[in-house]
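Take a look at these structures.
One chain, subunit A, links the two complexes that follow: it is found with subunit B in the first and with subunit C in the second.
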Partner chain A sequence: MSETALNTLQQRSFFLRNPSVLVFLAILSLLTLGATLMSEAFGIGLLSTSFIKTLGKTLCLCLIAIAMDLVWGYCGILSLGHFAFFGLGGYMIGMWLMYERTKDIVVESLAGQALPPTPEEIRDAIGTQIFGVVGGSEIPAIWYFADSLAVQLAFVVLVPGVLALGFGWLAFRSRVTGVYLSILTQAMTLALSLYLFQNDSGLRGNNGLSGLQNIPGLTLVPQAVISVWFLWASALALGLGYLLAAWVVSGKFGNVIRGIRDDEPRVRFLGYPVETYKLFIFTLTAVIAGIAGALYYPQAGIINPAELAPIASIFLAVWVAIGGRGRLYGAVIGAALVSLLSSAFTGGQVPDIPLGFATIQWVDWWTVLLGFGFVLVTLFAPQGIGGLVDQLVRKGDR
Partner chain B sequence: MGALLEVSGVSVSFDGFKAINNLSFSIDTGELRAVIGPNGAGKTTFMDIVTGKTRPDSGKVEWGRPGRDLLRLSESQIARLGIGRKFQRPTVFVTQTVQDNLLMALKKDRDPLSALFYRADAVDLGKVEELAVEIGLQEHLPRLAGELSHGQKQWLEIGMLLAQDPQLLLVDEPAAGMTPAEREHTTDLLKRAAQTRAVVVVEHDMEFVRRLGCKVTVLHEGAVLAEGSLDAVTSNQDVIDVYLGR
Partner chain C sequence: MRLLILCLLSASIFLTIRQPVALANDLQPVLQENASVIERPSRQTAGIAIEALFASGAAGVTHFLAQWRDKQVWRTKEDGIFYFGPDARGDIELVDIDTGESAGTVSSRDLVQVKPNSGVRAVIDAALVRFQLSDPDPTVRAVALDTLERSADASQLIPLRASIQEETDPDLRSRKERLEGLLIISYGQSAEERIAAMERFKGDTGIDVRAAINPLLATRLEVAKSLPGDKNVARTLVPGRDIDLDVAYAMLVDADFAPAPVTRADRNAALVSHAADGRIGAILLETLNTEAARDAAYQSLAETGKVPPTVGAEERGSLLANHVFYEVYAEPDRAVTAAAVGTLNSINRAVDLNQLADLALDALSLASIYFLAAIGLAITFGVMGVINMAHGEFIMMGAYTGYVVQQFISNYTVSILVALPLAFAVTFAAGVLLERLVIRHLMHRPLETLLATFGVSIALQQLAKNIFGTQARPLTAPEWLDGSLAFNDIVSISYIRIAIFVLAVIFFLLLLFILKRTRLGLEVRAVTQNPSMASSMGINPDRINMLTFGLGSGIAGIAGVAIGLFAQVTSELGANYIVQSFMTVVVGGVGNIWGTLAGAGMIGSLQKIIEWFNPSNTLAAQTYMIMFVIIFIQFRPKGIIALKGRAAGD
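Then we have the complex of A and B:
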């Protein structure tokens, strides 16, 4: 190949080198627009509000799957703890939602009194309202900024980011890799989940945070409308996340992290500080996970410590493996397919199968089916569904 | 010219087995040196120590003048100081193109942010093209490194070393598994590389070493057995006993 041909190959625009990004963004826009036109609030009402919420939540799961693909599929770090960052993002936004919403209710109920309530009275009432279930009425110190949307939004990014930075620094610096790192990340998410289960964790123990679908100050806006807003916000976040991820892996940085995945010592002997790269990608993906969680839980309405259970992070890895790791659209396909199927099977949309002597109840048998599917994919399509797509595209090229 | 790399009194043992035994070795700036020795003599372990992969139990490894202690540095820091290494088994990034392999090795800032915002310009692509010509892979730049033949992978790895522009190149068995014609090309490559930098070549093949035409160090049981011209060491009785005579 001549030098000029090579030059153009390198210098062609980002989108020309990555046509799949445009395809993805187009599909995402069409899907969002189509869902809006079929929604109850802005369209013909074919899709229920709860289905719009399911769609929006699915987009958030696709976003965290992209983060998982970056850290595992591209950089080879099998983190089994990224759902903890997702949950933390949810808790951070949930604190503001719950606090402000409770404050509105409290202020309203105290408004009938002869004397206007003092700020202390309001705070006490909020404390009793929120923490009564765990036998408290004091507002814990970690709720200090709960009345500030800006601060809690910053926490959505900072809390998962700082945790990932500290954890990653310790783990990568000690050269913990492979299955040991996976176990360590499981331990992290387990510890966090157990801590949150405690009533005195300051985050309402196993009750978690609830009523998150009610947006403070927007009580008059129906859920049908809010669900579409969140769908759009989730689609925007997923689109931006996909763009960012595609850009990150498109250049030399992407080649370095792929190199770390394939042959870590070689990258080291080329002079690259491997640990810094791992830390960078681990923290970046934790932040993306936090943002995805912050968009997910207002649509789910509730978050509790069970969400951070170790199994959730393992499922995340299964989605990415089924979808095909090392390709961003693979992660999206895996997350969308498996989570939608999962809610269909466990949500009673798929009829149970009577066998005479027993009945296959999908609520129980779905995990078995998923496990079976996972084994099939591992055996017959080790590159995942995305790998099959790649083969089709390549055949089409011929 | 002063010593570029000074290894003195280094020992390392694995589970009680002394792989390197009070080894001292030094190489000058711009020198070409061949290291030979029977299997298990400690040649690869020696490179592991210099490049920071293995920490010795005792001894000193110093770099440049005034001597800088390499034992305190990480692998990547040592590489950035200017020591490049080729592994015994060719290790290139098989899922990436030849061009990307060379671009990754090209001497540039190594931190994540620089890599993130790096876009290859005409100058860098020109350098890569030049390197590809040097290693005989100019036709293969857009191909995946995994598709290359064994010999071509070895050259690509040497090309990646040259791209790093190191002051010292440590090359472990570069001609293993090569055809005679490929060996000749490899010798030429290394000799040319040694015109501008120090090169240490580990090799078993005597013909190959003869063609390099340089000073030879014989390792045996983790220590230097003999040092000198190829003719001198091959006529040394100790060397004949442990190595050549078998």
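Then we have the complex of A and C:
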């Protein structure tokens, strides 16, 4: 048999062995297509632009949920820091968006002068425009490459990747496991968000980066169109991410990391370099998280250090737990369901319940419901919604 | 009859004798001379009037000044005579200023009350101080000294010196001598006297000493062609190293030693004003889109003489090099400034040492807070291997318990004494409930316990927000905890923090006692080390787990009351301490209260030390501390005090 034929067979067998991947991709494509056809820009206008953006953002959250599922559900590392990588990805793309956008505005406003603006003048004006809010006008050194889309895109991958590599190397090397590791990742997230909160961090302190929905060079394209483009990009990223994750967990590699999850010392005794495996998964998922963040924040329009607070990463774990960890589709279901429900409940789209003596206002009570609901899920459905789906499928088989 | 005549005679003699003496010594005429000022004084005029009163040598000036300050002086509308009278309405009983005898009762409608404003009263006070320094009543002397210490000037040195001789109270005497020294430093006659006074204050950490010495060392930046020999130069500055080049050049321009530089804005304005038809001479305006092109265009203009020439980098450099920049002391005497520097250096050394002591106290206080917040977490983590993410919310619950108790008991001392056990009871119950309902069912699944308790945590936090609102609630400390224990101007600690420290020590000893000396402690330690073995020895691990969890949660409630005393009680109170508590447990090592003590001490002092290096930025301090903890874990993954051998488990 020739090598190509073997590869084809293996590829086919990958999909054959994982029919759920095809199902997922089909549903994702249908959803994207449907949303496009119902959008204001390319279809009948049934879905508002802000809803398209919500959809796109939800897809990005599903992507980071897949990353979380890989690292926690398959490899057993309960990381409470993946939203930090998500935020870092957002910051990296946000720097380019904000810099170039400000540059456009500055060049336009300086065009009226008697003398054509010099590069120094433009740079000074950008500095004042962006950093005036934190009492500075100097452009910090970390913004050196902010005018280059290619470099900032590379940073989207590199910055979370290198941080995860460094942190993971330190943590796994000294055999920090279990809840210790969770606490440590939480500490890392807290440290990062506290650092970003400082005005002299070079990323505008608690103001964060804003105006990210305006894409430089595309000022003439309406937001309705851009939102659909971002929906496509998010769907593509989610599809590729799902495919990658499914491929990673399907082969021998997947067996090893599941082995690490279930009994780490035994896998080590069998001769596998456990730390290397864990480090690889940790870094890979950090990179996926960074990409998801880079797609999310241009749709959200603003990023600030509060997004990186430890609570966000814990909510990520909650999504995956509710969806059902150890199943990629479970993570997607959990993230989509909980984040959409959250925005519905806190956005006032669910009617308040009058009790006669008091009214249950969901803005106030949704978090209480979610918290206790989550406890119930952990107690009575430890496998999450995915577990219920599995039970149904198994019953159907019988 | 003879007697009567004698009386009349003697009275008339007395009157005739008294009359001329009284005329020379009476206050009323002097008052009349300054009547307009005394009736409507301002800060400036009051001082002049007071000096005039003293200069007249009239008797009873100080008494008059005191009455004047207390608004107890009246002036008749009819003839403008000043009288003493109470600060009241209605009928005023007037007293003659010179004789001190009653001058009848007059309606306040026929009088004008002399009411100096607060500024004038301060001037009067200052004038009175020098007399009060020798007052027989020590409290008056103490008050006078207080006033003097706040606002001393040169004129007070002599009366102060005079009052020291007759001072009997040793405390007041030493205060007076100290103040005399300080006044000599600032206003002393001879340099020797001032230097000697400064020598006396070597190593003194008082703020007042530094306030007296620092003005002597105030400097002014000057520039000259060569260093002047007649001035008291503090140091010379090298441009580019000690002083910014642009600032230095601006000083040269101000002193007319150098031509004014052409700034970018000047250059651009000159270019624009010489532009015509989109070009300057032969140069198109569109090409001026770099700094170099603009410089060249300006240069070409300068060559034609239309604009002032620029100062080249070389010329600028030589101008800067040919002048000397130096700081000169306001105080002209070199010996005095040298002594001041010497004294200030020794003071700064003492201040540093004291700050170190203050830092140690702060660290101790922070450590005791972290200990209280973390010990409950450490116990439950040690015994059951689960992390209780809702621990922070138990702390919050304790603080709110304290707040609710204060709504019912208004006596703060009693309410705190009630709140402490009640907070323990409430959070103990909450902890037992959480253990029974949730944690028991998630045994041996620590990560899921972590997440489930997190669910409880966010629900409780939001519940507190719904019940108590988002605004901060006060938990007021009893009055006897107000203020702080000050050792000197630098080392001090508030009584609340001392109380928290005491509380932490009590709970440390109590826990030590429970764990080492009671049956429960024995069983807890057994379950910590080996649950199955403990179980086979007849210990019920289920019961122990429940009790331990309740105990840990109960202490969290106590910590909540303690923290609430100095922090604002909000629903996020616990969340603010939870990560530090985790750090404390992780660094200290689990299952051992000595470990938690070590962890709390380390985290607390570390945070304070980092804050000391970078006092303006507590956010950065926390960032660095967390980074340190991450690195620390590399070297001691099980914490400072790790269980060894079989007890360590896996």
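The definition used in the following text is that the second predicted complex is superposed on the first by the 384 of 398 C-alpha atoms of A that agree within 3 Å, B and C clash if a C-alpha of one lies under 4 Å from a C-alpha of the other, contacts with A are read in each partner's own complex, and residues count from 1 in each chain.
Going forward, contacts are C-beta pairs under 8 Å (C-beta built on N, C-alpha and C of every residue); 3 or more make two chains touch, one makes a residue touch a chain.
All values reported here derive from a predicted model rather than from experimental measurement.
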item: Touched partner set for A:191, first subunit B, second subunit C, both or neither; value: second
item: Dominant contact partner of subunit A by residue count, subunit C or subunit B; value: C
item: Touching partner for A:354 - first (subunit B), second (subunit C), both, neither; value: neither
item: Partner chain in contact with A:170 - subunit B first, subunit C second, else both or neither; value: second
item: Touching partner for A:116 - first (subunit B), second (subunit C), both, neither; value: second
item: First, second, both or neither for A:364, with subunit B first and subunit C second; value: second
item: Which of subunit B and subunit C A:375 touches, first, second, both or neither; value: second
item: First (subunit B), second (subunit C), both or neither touched by A:317; value: second
item: Which of subunit B and subunit C A:178 touches, first, second, both or neither; value: second
item: Complex contact set, residues of subunit B against subunit A; value: 51, 53, 74-76, 79-80, 84-85, 87, 91-96, 99-100, 103-105, 110-112, 115-116, 118-120, 122, 125-126, 129, 139, 141-142, 160, 164
item: Subunit B-touching residues of subunit A, taken from the complex the two chains share; value: 1, 3, 6-7, 9-11, 248, 251-253, 255-256, 258-259, 262-263, 265-266, 268-274, 276-277, 280
item: Subunit A-facing residues of subunit C, complex; value: 268, 271-272, 275, 285-286, 288-291, 294, 381, 385-387, 438, 441-442, 445-448, 450-452, 454-463, 465-466, 579, 582-583, 586, 617, 619-620, 622-623, 626-627, 629-631, 633-635, 637
item: Of subunit A, residues touching subunit C in the complex; value: 78, 114-120, 167, 170-171, 173-176, 178-180, 182-184, 186-188, 190-192, 194-195, 197-198, 310-311, 314, 317-318, 321, 364-365, 367-375, 378-379, 382
